[in-house]
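Each chain gets a letter, A, B, C and D, in the order it is written, and its residues are counted from 1.
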């Protein structure tokens, strides 16, 4: 009997296999999920299973409260973070968490990633925020869930609020990157983008020598973002 | 029926496939074009098509005003930049634009790339210029076209003027590298060179520690360039 | 006739082949061993044999005094270091030594590797110690053996003592990394972890710019370590 | 009819093919030679031929005055440098020149490479010298030949003189690395070593943060070198 979640599980399985292909995580250090909003469930990688052993039937389906709906294995320990993101960011369909080297390094620096070039502006017209490190109280309450809350607050409690569709990625201070998108594949794309712009930013610091990194003026940032994402976008095929 | 531009399209298709092979761009973030001066047309990668899905028949042929002459797809959004370069630099036959990591990092530092070694001097006897960032007026006029104008001005309005055949590459400030050459293959070669000398320059900054990077004296720069490109060049086969 | 150490030798052979696969050492610059505590012997890579020529029967079996029990080849010149670690750290089953680039670079900086992120805390809740460089007297006595003693002292003579199961890796000052674990495979895993967190730390230094790297608060370190290793660990499958 | 230099040419051909395999040079930017002292000839890569097109019969045989003895193609433009090294360093059998990224970066910093770790000391007990940049007079006389003389002087005119067998590599200031050894294969090995220790040194600079890199005491340097190269060497198989 075929699972009612077969398509969702296949989408998630395929996106997880991209992690080692793009070098975004060693061993089991990254996970992708996708949501089926109509059914109210998300599918996610099982915890601690290496990518080259991962089978479609290993993908775990959970509801938005975290109850396992289908699957023999434990879901990723980061599942509560994914759940919170799906609950708060209503237009996203996929979430990715990795420990990719350069994005993690920038998270460890506990600084936002500024818009230093058009590669960044092509994907977001604003700096990638870096959350604070979780407080003792947050860690004691529920670590992974509070990580989700912290990300959500970083976007929705900012003044002015940040739009998670406009900046589909975040650095969790001292931890590493999360990215999202309309589906698992697009979320994964954003995870690769974040790793690349973090690497470029690190190399830009060195290239700048004793000069401060100059940053990009707003009109160039806006232009690059809008030619890909604005109402008159003209990048790609119709 | 075979296209009258078949050879040109194949040349461009093959050169675009070199981009992922040499790691010069992720996803669709780079494009190569070539011109047929006799026919007054250039062939270029279609916008937003991944390299591993790209077919010869996808390559778009446009004239020097940007009118599509052949092809079902939209040409690269950077086509106006390519057009301007072909219009102003009359001896070039191919143009490449990528977001390669180290050359882009140097562009983001918004500094020219100095001649710090013979690997650089083998390919150009002068620093690689970095254009200013486009002004608001330029962006509003026509972003990609004005990017081309900015590159052209950086060479032809310099005092003394810079020769685009002698320095077949440029960094666009805050954006990334463009390179060119007598054909698509040679343009691509220059794009790889620029990425490598940018990486070497970044590593040289670190290797130098607290000392300033010393630079190369003019007589060594000239010698290295001329043994490959001068009238008495003796590198390679006759 | 099958060797009584066949299984042990195969485990060690397989783990050594992971070294080039993960890029932890060039040529012959790394070795893995495993111990059979019941039989009182350890199996280790032979000295100076490239990984792609290494056969199971080349693996050398020595006792804890260093006497060769089985094998036609000389054991790794680092065998005395491995022996000392097995003698002092009674719960470990495998040891790895490499010259992996980033962990070696950090060893050369002769500084401990601080806990700057959760990738580190997932594997150890404490900084990775860096031993002092061996004294002249130690080198003259028995270099490889004293390297082992120095590692052991760095853990057991520390006030308070450091637990080698809690921090299964070390940087030998001016030399490079050693890692260990309950078997050869787990020891190798820790060697990869150490290389990755050293690389992340180096990139974090750059990402931080003129700010000092902030470090991770104790409550986050403890949480990350315990969700993987504590009594209530919930990472991975049951 | 088989060439009398067939074995020598095959040795050189095979060693040149290692260059792209180990990533020591892009395109045609590196060359390996080997000498047959009895016949008074050396075999070297032809100039400007890509490695993946290189055939055994393309290898050029020249005598120590530079006269082509066998081969249809021009020898590497760096042949005079190789010749001078063979003339002055009588115990070497192979020479390698590349533009490998990190060794070239260090050459561009125009500083010697200090002994910061045992990976370096395993291969040389002394810093890798960096030659000065060639003077105008040297460049005008004969660039490649004077590059050889400069390397030789850096070793033989040093006070005390440096032994090219003890330090089988050099950085040419502003240019890049040369390495040598008893045959082409060993010379190539040293070229890889130099690239790796240069990369480690660059990463050590970053790892050290605001502290100066501490360096390795003489007794450790000597021990590491001698366990591989001294009269009582015990690394590798008998």
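Heads up, the rule we're going with is that a contact is a pair of C-beta atoms (placed from the backbone, for glycine too) under 8 Å apart; a residue touches a chain by one contact, two chains touch by 3 or more.
Predicted model only: the values in this text are computed from it and were never measured.
With steps allowed only between chains in touch, the distance from chain B over to chain C comes to 2. Under half of the residue numbers found at the chain B and chain D interface occur in both copies, marking it as a different-residue contact. Rounded to a multiple of 5, the Cα-based rotation taking chain A onto chain C is 90 degrees.
Greatest Cα centroid separation from chain C: this falls to B.
Between the Cα centres of chain C and chain D there is a gap of 33 Å.
For chain B, residues touching at least two other chains, in rising order: 201, 206. Remark: the chains found to touch one another pair up as A-B, A-C, B-D, C-D. Taken together, the chain C residues at the contact with chain A in this complex read 116-119, 189, 192-193, 196, 199-201, 203-204, 206-209, 211, 213-214, 216-217, 219-220, 223, 227, 234-238. Across the complex, chain D is touched by residues 26-29, 46-49, 73-74, 77, 99, 101-102, 104-111, 133-136, 139-140, 143, 174-176, 198, 201-202, 205-206 of chain C.
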